[in-house]
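Okay, so chain A shows up in both of these, paired with chain B first and chain C after.
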Partner chain A sequence: MNPTHTRYLYAYAVVRASDAVAGALETVTGVADGPVRAVRHRELMVLAGPVPATDHDEQGLAEHLEDLDWLERTARAHQRVIGAAAAVAPSVLPLRLATVFHDEEGVRTMLGARHEQLLAALDRLDGRTEWGVKVHALGTGRPPGAAAAPREDTPRAAASGRDYLRRRAAERHAAREGARHEDDVARGIHTTLTALAQETRLHPPQNPRLSGQAGRNVLNAAYLVRREDGPRFTSAVARLAERAPRDGMRVDLTGPWAPYSFAGTDASPESP
Partner chain B sequence: MNERRAPVPSEGPADLADILERVLDKGIVIAGDIRVDLFDIELLTIRLRLIVVSVDKAKEMGIDWWESDPSLSSHARREELAEGAGADVGRLAARVAELEKRAGQEGSG
Partner chain C sequence: MTGHAVPADRGPALVDLLDRLLAGGVVIAGDLTLRIADVDLVRIDLHALISSVDAIVPSPWEAGT
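Now for the complex of A and B:
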C-alpha cells in the first residue's frame, strides 16, 4: 500500500445527470490540477475529481487550509469548475470548499441519502444565476441640503476652544448626515435591484483588508436572477453605477455566479 | 444573441474576497468522508472576521440600515446568525483579537 498514490474524490457541485454537462467538464482543470469527472446516481450526478489523499485527508486539509496560497489556488479551482458547470448546466448546486470523499461509493451513498432534497433544490434554481452587487461609500458625497460644517469668519489661528468644539460638533453632524444619506442610497439601490430578482441575500460587509476596496462597504448583496432577465438586471446595475459617484458611492457588479448564496437546502425559503 | 454574455459594467474577474466569500460561506454543506471543520482553521478566521465584523461591529461602523427595514428578508437570518453563532462569535472574536495582535507585532517588527 502506497499512500502517496492514493486518490480521494474532491466534490464540486451537484447537477442533474447529463452527458453534455459531463462532457463539457472534461476539459476543465480542477483542484490540485486534477481532471473533473461525473459520478452518477439515478437522476443526479456529482462533479468531482481525483486529488492526492495525503493532501486531502483530515490532517492534510487542516494544514493546507492554513496556507493562503494553497487556499487561493484551491478556491479559484473550485470556482473555476463550478463556473464552467454553470455555463452549461441549467441548474447547479455548488458544494462548499473542501468536500472530499474516499471514493465514488461514498459520493453515491450521499446522493442516495439526499436525493429528493437535492432534486428539489435543483428545481428551485433552474434557469437562475446569481449576481453580486457591492456598494462602497467613498466618504466624498454630501447629502443634498446638508451643507458642510458652517464656516464662521474665525481666523484659524485665533480659534478658541469653544470654536473648536463647535466646529467638531458640526463636522460630526455632517458626517452622520452623510452616512445616513449613503445608507439611503444603498437601500434605494437594493430596492431597485430586488424588484428585478427572484430572491435576494444580504451578506456581511466585506473586510476591507481582504477585499482591498476603498471606502465603507454599505451593501454586499446577492440577487438570484432568471437568465432571461440577466441583461435587464445588469443594465440596471450599470445605470446605478453611473449615477453612484454623484452620491460619493461606487457600485460593483460580479457574476454571473452559480447560485452559491441560494443553494442552501436546509434554509427555509425566504422568497415572498 | 447569447443571453449569458451580458454586459458587465464592473472590473473583470472576481477578486479573491468575492470567491472566498462564496466558496467558504455559501454553497451546500454536505458531509463528505473527510471531516474538516472550516471553523477550526485559523486562517479562515479571515472568513470569520467577516462575520464578526457584521454582527459585532456593523452597528459601530454604522452599517445597519437594513435593520430598520423589516421588509428585508435577510433581517431574520441575520438575527439567527447572531444568536446561533453567539458563542462561536465570542470565541472567535477573541481569536481574531489575538491574531490581530500577533499580526500587529509582526507588522511593526
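Now for the complex of A and C:
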C-alpha cells in the first residue's frame, strides 16, 4: 500500500438517509478540495469525502492541527459541507473536526453500532438551529450609583502616602464593582435568552488575540432555538445589543449555525 | 447590533467556528479504524501559544459542557 496514494474518509455529518440530500452535496467541495459523498447504512447516512491519508493519519493531523492556516482551510471546508447539508436536510448532526475513517466499512460499522443513539440525536435537533451570542465588557461602564472616584483634584504635592494608598484602594474597589456589574449584566442577558431557547451551552471566553475583539469576553454562549422562534430570538438579541452600550458592553450575534454545540451533549456517552 | 465579527464574504469568524468545531460536534467513539482523540489539545495548544503573549481572561462562571 503506497501511503501517498492512499485515501482516508473524512466524515462531516450524520443525516437521515435521503437521495435529495446526497444529490445536493455532489457539487460541494470538501476538505482537501475533495468531493463529498454519502455512505449509507439503514436509515442513516454519513457525509464523507476522500482525503490524502498522509495528511490525515494520526501524525499528519497532529502536525497540521498546529498550523493555523491549515486549520482554517479545514474548518471552513468542514463548515461549507455542514452549511450545504443544513440547507437541504431537516436535521444535521455535525461531527467533531477531523473525524477520519479508513474506509466506508468503518463508517458503516460505526453507524450500525450507534444507530439508535444517532437517530435520537437527529430527532432532538430536528427543526432547531444554533445561535451564538457574545458579550464583551469594554471597561467603560460604571455601576449605577458609583460616584466617579475623586481623581487629581487635590494637588499632588499635598498628597501623603496614606492619601495615595487610599486613592489606590478606592480605584481597585471601583474596578471590582465595575467588573461585578458587567458580570451581572452578562448574566441577565444569558437569563433572558435562555428563556427563549430549548438548550444552552457556554463556551469558554474567547481570547482577544484570536478574536481581534476589544474588551473582556464575559459571555460566549450558544442557544438551541426552534426554527420558528428564530425571529423572536434575534429580535431579543437586537434589543439587548441596543441597550448594552449604556452598560459599557457590546453584544454580538452569530448564526444561524447547524447545532454544533448541541450535537455532542446527549449523543455521545462513553460506550456505544 | 454591531455584527462586525462576521464578514459576509468569508463566512463566520474563525474563532467562532473553532469554538464549535473543536468543542462541539459529535465525538465518534465507536468501532472505527482511526480516531483522533486529541483534537481538544489543539485548543489548548493555541491557548498556550497565545497565553504566552497575554493572560487568558477568566470566565465569570464555569463553562458548560
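In this section, the second predicted complex is superposed on the first by the 257 of 272 C-alpha atoms of A that agree within 3 Å, B and C clash if a C-alpha of one lies under 4 Å from a C-alpha of the other, contacts with A are read in each partner's own complex, and residues count from 1 in each chain.
Assume a residue touches a chain if its C-beta (ideal position, glycine included) is under 8 Å from a C-beta of that chain, and two chains touch if they have at least 3 such contacts.
This structure is a prediction, so every number in the text was calculated from the model and none was measured.
**Student:** Will chain C clash with chain B on chain A after the two structures are superposed, or do they fit?
**Tutor:** They clash.
**Student:** So, A:V28: does it touch chain B (first), chain C (second), both, or neither?
**Tutor:** Neither partner.
**Student:** A:A197 in the overlay: touching chain B, chain C, both, or neither? Say first, second, both or neither.
**Tutor:** Touch partners of A:A197: none, neither chain B nor chain C.
**Student:** Touch check for A:D57: first (chain B), second (chain C), both, or neither?
**Tutor:** both
**Student:** Which partner does A:P231 reach: the first (chain B), the second (chain C), both, or neither?
**Tutor:** Only chain B; A:P231 stays clear of chain C.
**Student:** Determine, under the contact definition given at the top, whether A:D67 touches first (chain B), second (chain C), both, or neither.
**Tutor:** A:D67 sits against chain B, while chain C stays out of touch.
**Student:** Looking at the overlay, does A:V81 come into contact with chain B only (first), chain C only (second), both, or neither?
**Tutor:** Neither partner.
**Student:** Given the touch rule stated above, what does A:M45 touch, chain B (first), chain C (second), both, or neither?
**Tutor:** neither
**Student:** Once the two structures are fitted together, what part of chain A is touched by chain B and by chain C alike?
**Tutor:** 8, 11, 14, 57-58, 61-62, 65-66, 68, 71-72, 75-76, 78-79, 93-102, 106, 110, 114, 121, 132, 183, 186-187, 200-207, 210-211, 213, 216-218, 237-238, 241, 251-254, 257, 260-261, 263-265, 267, 270-272
**Student:** For the complex, which residues does chain B have touching chain A?
**Tutor:** 3-4, 6-11, 14-36, 38, 40-44, 46, 49-51, 53-55, 58, 61-63, 65-66, 69, 72-74, 77-78
**Student:** In the complex of these two chains, what residues of chain A are touching chain B?
**Tutor:** It comes out as residues 8, 11, 14, 56-58, 61-62, 65-68, 71-72, 75-76, 78-79, 87, 93-102, 106, 110, 114, 121, 132, 179, 183-184, 186-187, 190, 199-207, 210-213, 216-218, 227-228, 230-231, 233-235, 237-238, 241, 251-257, 260-261, 263-267, 270-272.
**Student:** Which residues of chain C touch chain A once you look at their complex with the stated criterion?
**Tutor:** It is residues 1-6, 11-36, 38-39, 41-42, 45-47, 50-51, 53-54, 56-65 of chain C that touch chain A.
**Student:** In the complex of these two chains, what residues of chain A are touching chain C?
**Tutor:** Chain A residues touching chain C: 8, 11, 14, 57-58, 61-62, 65-66, 68, 71-72, 75-76, 78-80, 83, 93-103, 106-107, 109-110, 113-114, 118, 121, 130, 132, 134, 183, 186-187, 200-211, 213, 216-220, 222, 237-238, 241-242, 250-254, 257, 260-265, 267-268, 270-272.
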